[in-house]
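So that you can tell them apart, the chains are marked A, B, C and D in the order they are listed, and the count of residues begins at 1 in each.
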Amino acid sequence: MKKALKIATIGGGSSYTPELIEGFINRYDALPISELWLVDVEEGREKLEIVGALAKRMVEKAGLPIEVHLTMDREAALKDADFVTTQFRVGRLEARMLDESIPLKYDVIGQETNGPGGLFKGLRTIPVILDICRDIERLCPDAWLVNFTNPAGMVTEAVLRYSNITKVVGLCNGPIGIQKGIAKELDVDMSRIYVEFAGLNHMVFAKNVYLDGKNVTPTVMEKMTKNADGISLKNIADIGWDPLFLNTLGMVPIGYLRYYYQTSTMLAEQKEAAAKEGTRAEVVKRVEAELFELYKDVDLAEKPKQLEQRGGAYYSEAACNLIHSIYNDTRDIQTVNTRNNGAIIGIDPDSAVEVNCVITSQGPIPLTTGPLPLAVNGLVQSIKTFERLAAEAAVTGDYNTALLAMTVNPLVPSDKVAHQILDELLEAHKQYLPQFNN
Amino acid sequence: MKKALKIATIGGGSSYTPELIEGFINRYDALPISELWLVDVEEGREKLEIVGALAKRMVEKAGLPIEVHLTMDREAALKDADFVTTQFRVGRLEARMLDESIPLKYDVIGQETNGPGGLFKGLRTIPVILDICRDIERLCPDAWLVNFTNPAGMVTEAVLRYSNITKVVGLCNGPIGIQKGIAKELDVDMSRIYVEFAGLNHMVFAKNVYLDGKNVTPTVMEKMTKNADGISLKNIADIGWDPLFLNTLGMVPIGYLRYYYQTSTMLAEQKEAAAKEGTRAEVVKRVEAELFELYKDVDLAEKPKQLEQRGGAYYSEAACNLIHSIYNDTRDIQTVNTRNNGAIIGIDPDSAVEVNCVITSQGPIPLTTGPLPLAVNGLVQSIKTFERLAAEAAVTGDYNTALLAMTVNPLVPSDKVAHQILDELLEAHKQYLPQFNN
Amino acid sequence: MKKALKIATIGGGSSYTPELIEGFINRYDALPISELWLVDVEEGREKLEIVGALAKRMVEKAGLPIEVHLTMDREAALKDADFVTTQFRVGRLEARMLDESIPLKYDVIGQETNGPGGLFKGLRTIPVILDICRDIERLCPDAWLVNFTNPAGMVTEAVLRYSNITKVVGLCNGPIGIQKGIAKELDVDMSRIYVEFAGLNHMVFAKNVYLDGKNVTPTVMEKMTKNADGISLKNIADIGWDPLFLNTLGMVPIGYLRYYYQTSTMLAEQKEAAAKEGTRAEVVKRVEAELFELYKDVDLAEKPKQLEQRGGAYYSEAACNLIHSIYNDTRDIQTVNTRNNGAIIGIDPDSAVEVNCVITSQGPIPLTTGPLPLAVNGLVQSIKTFERLAAEAAVTGDYNTALLAMTVNPLVPSDKVAHQILDELLEAHKQYLPQFNN
Amino acid sequence: MKKALKIATIGGGSSYTPELIEGFINRYDALPISELWLVDVEEGREKLEIVGALAKRMVEKAGLPIEVHLTMDREAALKDADFVTTQFRVGRLEARMLDESIPLKYDVIGQETNGPGGLFKGLRTIPVILDICRDIERLCPDAWLVNFTNPAGMVTEAVLRYSNITKVVGLCNGPIGIQKGIAKELDVDMSRIYVEFAGLNHMVFAKNVYLDGKNVTPTVMEKMTKNADGISLKNIADIGWDPLFLNTLGMVPIGYLRYYYQTSTMLAEQKEAAAKEGTRAEVVKRVEAELFELYKDVDLAEKPKQLEQRGGAYYSEAACNLIHSIYNDTRDIQTVNTRNNGAIIGIDPDSAVEVNCVITSQGPIPLTTGPLPLAVNGLVQSIKTFERLAAEAAVTGDYNTALLAMTVNPLVPSDKVAHQILDELLEAHKQYLPQFNN
């Protein structure tokens, strides 16, 4: 008989937590969690208490013997945990707002996982993640680190290169969304299709789609160019694709690729939206405020429908499925961020990639997918370059490396602009970047 | 609803066929075969009729609506087939006897899938397989070719490089045997272990063993060095391993590796056995004669126990599992011969390797396993060199290429000996090697 | 004794020709050319006659027995040639003007070897080069093709992938210029330094600089950031580099990299210059008009000083040195465009790269330089992707491939803009793009 | 003006030293050595004094201001040296005798750089070389280590992987010999041919031969199969090659490859020779005794002709040319052992290989040579595996790693024989293998 399961969720005060709780409750038979520790930092205490109380009500209503602990003591939470999930946000939505708005001043995409914003989210997050890794080594060396904190690819890269933790998986809800979207386009059940993903986090492509064993990619591309509604993401403006371009590309790109293939259009859209309704962070902030109002309702004991507006569709599905599959050695296929190890030929075997993996009790094993199609190889290599430089800068706090990362990012138009945005963001985020303040 | 299944088995008169029939009968619910065509050549007519009659009795006894056809007409058998399995032997056991005995005269290992014998089995088999491939293209282009004919690695390599067929899988019962042996050594159920295989056909290594997600390879190696009975193969002399060597190697090698790591000992053993009871072909011939006597019994309607002595344990399991998994898109993990595509870093992505794959309805997808351990990389590369040269020689009928293949084989001690064995085997097998007779 | 040398120069009417003539004259002792055929097309007849007459006067003045032939008959020129040099411009400066000005309308860099302009120069040039290759196969199969026509990297890639010619070298005067600039910065003789170049044509980096065997790259970078005058190119605005960026990069980039690392700044500069003095093509056109006036002077029998303003400094040096080294098997080191073959780890061995080579009588042999530094790997891979797609589009005339090439170019900000520029340039250049007009 | 040169030669008492002295004397104008330190260990004092005295007489006769120092004090010799050459033999010819004779008892090739003997020469030598490397770091960090001590490939591999020294070159006289042999076969001057070498030390192939820029490899192979006298080595029995095999191989193999391609024949030859005249070590010992008798002659002031019988033809040429080329930055091409860095595709870029290099003042830069021909890839990978395991065993003193190295060597026929030879050689050499005696 398997031992009782302990899960520690860092950033437990997140508005997403009810998603996770619901997922755990639904899978309880196969995933008999005995302890769930929601951890947060002092400045997130209030949110933790609100969402934690809701979590307890949900568990109670489900009639399950899951102990829900709320704590500011990370060590207690990690002690002997089996899985550590991370969903924290260093600097909260205020920091995101800066990541999104400052680049816009320089006519550069402002986004929390791409471009200058993505770089700074990485610079703030990576030192914290590596600190958690050191705690894991000490307190729960056999635990799996399931990271949802963005930029998930850069964070996974940093853990693989700069920590001793090998049991790490980076998660994104994007691939599940694409898969569901494709199934919807084809009007078939998800179980009948197989989607071969290859790329990096937020830079992934559905390279091939099979229906009942037949390659139907051309059909999918044709449908996609007519109607891509099924596959858009809540947090990315759905401005459509040039149909000819999409057809020639021959693969379904994740929505984030709009930032690269439609840079000027997206920039214009961002500026307009910012003027109208504020940056995405501001929108999210309003949504979150409403959510927390709902969460406070002591009669609420289930995930409110409104949470689905938040943008994290399938978040719970991705995280709970992964944990379930590792725990039960289900050996099903999921798309996660992990060490490449040859899955994508042409990318360093030691780098993090986002590919299909068999999920076993010893972790994800990547499936081979061969070289990237020529047309996207250059861009993917550019972003991998960027991620590695960013991770290095986050660890060393070296100004020059950060400048290099910023300059080589394809969304940044010149070394001078890079210099300016870097300086402004370093100043703006200074309290969360101690490594740069020596 | 899925369409009715048609299977064509080339070399249907093999003594192994009852294994296959039993496997199909047991899996009928999930694998509703409507037609099974057993094909053979004129010189195998008698055996086909005997084993075919038994097959019909077995199906009848099971009360299943599977039509069993016996034919010498390959085209009729292939027409619209869903799966083509190949288990034929060009030149029958007489040819094998030559492959096993002629090298011995030169103090060289005589074996049907390794060394000079393996080369010649390849030279005889590959042109026939490529001919079948051309038929498949024409008659059943969507069919899967499931090859069991040895040398399975070399044959798969030849199909990948010299035919237009991409839906090909090479099968061997070895990995299943090792897995079962390891489970037995650990005294646990198969489902609790995961064995990471990497290498080539008949040159495969169990690189890592996991039990409930924990790497237990050192424990397995320790047990193996004490008692390797569980993992020996019927057709290879079980002369044990040097325990220190095995421990240092750190992986479970398939039994065939004895030919390479214990060459002189195996040679002595072969010579002694040949003197005492004849070559393995002669032993098998006697076993087969007895089997066919049994098969003739019109009251027999099941696989006789004695077949297990024949050496092909798990043959049915390997073939039926694969067909079942492709047909039903089960996405379970099996160890098969397929295009590398990066699974083993350092081996040509276009070459055939034997690795763990997820079996889907679009075929096997190799799981990454990284580079081969340094200690075995050289040997594996040598055999891949040999296989590629052998496949080239089989296709071109070029004497010099055959000489090169023979000379670079690690079991052949010199260019002069290579030259002599080559000439004697070319002469001995001349009727089955038309490509060399121009 | 070596046989007499025949050289065919395609695009012989170029204003650069006197450079070449001077180079040949100066090296006559080691490079005893007996026949020099200047070839051009009908629309370039006038220029050919002017510059050809000057060439004859120069040879005569030097008192050398070089026959100078002027012809519109390419076949006669190629027949039994030993070296074929190409320096033609399909569509002349008028086409360049369009390449430079149309993208500017869309706020995209307008340049003849980078971005949309570079793509179209490739689309016009590659079919002609491949036609010349077919002639070479037929008329002078042992000849070396020494290509100076831009975009030289894309053209070399196309010849390597789409012709049967293997004796091809792509040349650029950039690396010599950088080397001279570095020697000047260090205030030492060129012979004392060794500069390790790696990259692609117009995307090359001086990775390491050695002085008397010692790595002095940091010293060079320090000097460069203070004063990069020595290394600017005539045809690229010398807007300086961000010193911090350059230092962090740690390599001397060729001037063209300003388009990528200083995109917005360069764009602004281009627009200002275009408004003030027209595009670079227009400037060059005026310079050329003046040059041809000079060339007409029947008393002129040497290269006029004004030619140096034209932008092709060291052009003669690069071409003549290469021919001289092949002819005389000098085995000296030059930086040329050739098949990678492992020189840069991580780039397809079959692709064209710009690296240091030993020049032997059997051609250039690339020197290993290892992987590209991480920081530039992404960009270089992006441009290689672009070059390969561009070459494919040039050969196939496939609109979609051209669109893909345009869109993935890092200088193009969106698929929509790509679409628009593509259509406008296809229309503008239609007479030179028959492959797109089916 | 360049500074005065100091050279330290470790193993200065070698009978080869007069070769080196002659080479230095002949090149004095270009290589103005001011100090030459011949170092040896106490047990070699007598030979050092004899050969040192001859060296002094040679220098004096040449009238050159080279100070020759004889010393047992390695530190004094290394202090501020510019080049350190190593030609020592741990355990002297007595140890070699054991390396050559013990394997023969087990019917295994006994040879000082291949098979078990090569392994043990490596195990004895590598710790001493690494000790010298540590001294170099401390006493002359800018010096070049020019290693002639065999097995030169394994030693170079060990220095690259287990020391901080990067300025190391491994030398062998074999490639020069092959080049001279080919020139002789073609009856042309050496300067007109270019031989492309690729492989490992004592496992190198002349892949392509060019004469005046034309590939003449087929012609060379044809001549070679008729008459290979020109290319045999003094220390390897010249038993010829199977002409068909050589032609099919299509490359000139270094003589040592006879051990691999003609194993049984060479073994028989070795046993016969050992019975007749003793092992090669014993022959050499007699030759050396005679040489030292000659060296003692106080009237002798030049290299005696008899030294040429010793087997090290071109030794002086290889070493002096290399030092001369580095010192003078001649940038000529020589074949040396160095870090691969992509020169041979498919071999670890960090491993030592034997390839053509341009020799510059910053050291050798390998020329790309692409992948090894398929036919030899397996064998070369096997020997690289062996070399790496051997180097690891030499450094760690781990018995199991040594056993693994021994077993995977292609000349060793089984794990049991490996075990036995290993134990006997470990015992026999125990005084020189302190790392195994803990």
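Definition applied: contacts are C-beta pairs under 8 Å (C-beta built on N, C-alpha and C of every residue); 3 or more make two chains touch, one makes a residue touch a chain.
Remember, it's a predicted structure, so these values are computed and weren't measured experimentally.
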| item | value |
| --- | --- |
| Chain-contact steps, minimal, separating subunit D from subunit A | 2 |
| A-C or C-D - the one linked by more C-beta pairs in contact | A-C |
| Furthest chain, CA centroid comparison against subunit D | A |
| Centre-of-Cα separation between subunit C and subunit B, whole angstrom | 56 |
| Where subunit A and subunit C are represented by their mean Cα positions, the distance between them in whole Å | 44 |
| Junction residues of subunit A - those touching two or more other chains | none |
| Arrangement of touching chains [line / ring / star / complete / other] | ring |
| Chain pairs that touch, as defined at the top of this document | A-B, A-C, B-D, C-D |
| Touching residues on subunit B, where the partner in the complex is subunit D | 107, 241-242, 244-245, 247-249, 261-266, 346, 374-379, 381-386, 388-389, 400-401, 403-404, 407-408, 410, 413-419 |
| Subunit D-facing residues of subunit C, complex | 194, 210, 212-215, 326, 329, 331-333, 340-345, 349, 356, 358, 360-363, 365-370 |
